[in-house]
Amino acid sequence: MIAHETRVRARYAETDQMGVVYYANYFVWMEVGRNELCRANGMRYRDMEAADGVRLAVAEATCRYSFPAHYDEEVTIKAWITEANSRMVRFGYEISSAETGRKLVTGETKHIFCNREMKPAKLPAKYYPLFGIK
Amino acid sequence: MIAHETRVRARYAETDQMGVVYYANYFVWMEVGRNELCRANGMRYRDMEAADGVRLAVAEATCRYSFPAHYDEEVTIKAWITEANSRMVRFGYEISSAETGRKLVTGETKHIFCNREMKPAKLPAKYYPLFGIK
Amino acid sequence: MIAHETRVRARYAETDQMGVVYYANYFVWMEVGRNELCRANGMRYRDMEAADGVRLAVAEATCRYSFPAHYDEEVTIKAWITEANSRMVRFGYEISSAETGRKLVTGETKHIFCNREMKPAKLPAKYYPLFGIK
Amino acid sequence: MIAHETRVRARYAETDQMGVVYYANYFVWMEVGRNELCRANGMRYRDMEAADGVRLAVAEATCRYSFPAHYDEEVTIKAWITEANSRMVRFGYEISSAETGRKLVTGETKHIFCNREMKPAKLPAKYYPLFGIK
């Protein structure tokens, strides 16, 4: 799975009274980024959930903020896989201004593969290629 | 079920760059108000969902805005039932500043009773007293 | 200003444990719709705020829910102006599934034109054509 | 400034279709925790912003997830300062179930003191005691 870029525009709802995008909302954008990364690689997360009961439970999430996004600014969310095995997957993210190219934030999330009951479970082998697992 | 008052404090996350609470977030506060209204009357919505598969699907929601809430302001959410029968329930809301008493917004929501499959379904009779249905 | 259609995809963040998009989030989508409606008509709301201090304070918001949106579903947000004068503007919305065409919700919002201090103020005449005010 | 504990109840709005609180919302709870930590120590963040133009720009945010919070569950947000100087402050957080005592998440945020123009600026000395800076 190679890196993928998605674009979103900052919503009024996502700003706070400091006049910039509220810090927790970058994690929502990361979710958009990893969802579209999967789609671009031929897999929809919703299908993986529905067909095989595979769920990704978030174990860690980090964001480093360099520069804030502003209302109505279009941003580019770059997402990619940094590490994966049958038990877990790590995604990396870089969010930058689509208008100026300036880097806004970088982030990572780590997810544990779980079954429908949200218990840790090995990823079905058919998904190995998607995540680059050998 | 008589009217009930709950207090919440406006979060930074709930403000927008106009420096006030974003308009959609009052609907979240209404949810808090009706949840606490039920609890105050001896019923937890989560139990109704878990025990009997009763779900309330929102059919209509309205808010009229008189004055905005500001960050860190404590507000009082008053909620009550305005109409109910075995098929649906309507809630009324008034949200005011707990500091000044000034009325901020009024609202209503209408909900259809549904089963686990989210199909309209009559409310089990044991819940009639809770909603004041005869 | 003629009607405009925008597309968004339902985010995981926007769902709730009923497995559908949380009712308050349709108001966020309406904001996206009216923002893009303005942009499609040659005006950016952020410029109106920055250049002339014109702000739109929400006075009323209503949503009628016919069918819920689901995670990862692409929806079409249609927005248009239903009424406008120098003091206020009303927008209408229809949100439908981009996949099935099924209507999900309809809504309206009413906004009062305000100045930088958030006091009601007549809209500068140069914006009349944008809102179809004669 | 010693550690402080605040309680909030998980809102329906904060859940996602996995039936648990959406991962980004723990960062909102951290904000509630640090806001109440300041208040418990005699200082309101809103006053610091209004009186002296002091703003805290988030530089880093991390969350490690052990166990999810569920709808209507009451949680305890413990917040404290882990490091502070005239340029920045770090907060630590532990969020646990108020019902079972089970630890749900731990987190940290790092903030840079800024002026009204959001440029890094030394914290006014009068706030040193609040943050435990010598």
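We just call them A, B, C and D in the order they show up, numbering each chain from 1.
In this text, a contact is a pair of C-beta atoms (placed from the backbone, for glycine too) under 8 Å apart; a residue touches a chain by one contact, two chains touch by 3 or more.
These figures come from a predicted structure and were not determined experimentally.
A count of contacting C-beta pairs for A-D and for C-D identifies A-D as the more extensively joined pair.
Most remote chain with respect to chain C, judged by CA-atom centres, is D. Centre-to-centre, using mean CA coordinates, chain B is 27 Å away from chain D. Chain centres here are Cα means. That of chain A falls 23 Å from that of chain D.
Spacing of chain C relative to chain D, judged by their CA centroids, is 32 angstrom. Within chain B, contacts with two or more other chains are made by residues 12-13, 18, 20, 24, 28, 31, 71.
Note for the complex: chain D touches chain C at residues 12-13, 15-20, 22, 24, 71. Residue ranges on chain A touching chain D, taken from their complex, read 18, 20, 23-25, 27-28, 31, 55, 57-65, 68, 109, 118.
Those residues of chain D that touch chain B in the complex are listed here as 11-13, 28, 31-32, 35, 44-46, 70-72.
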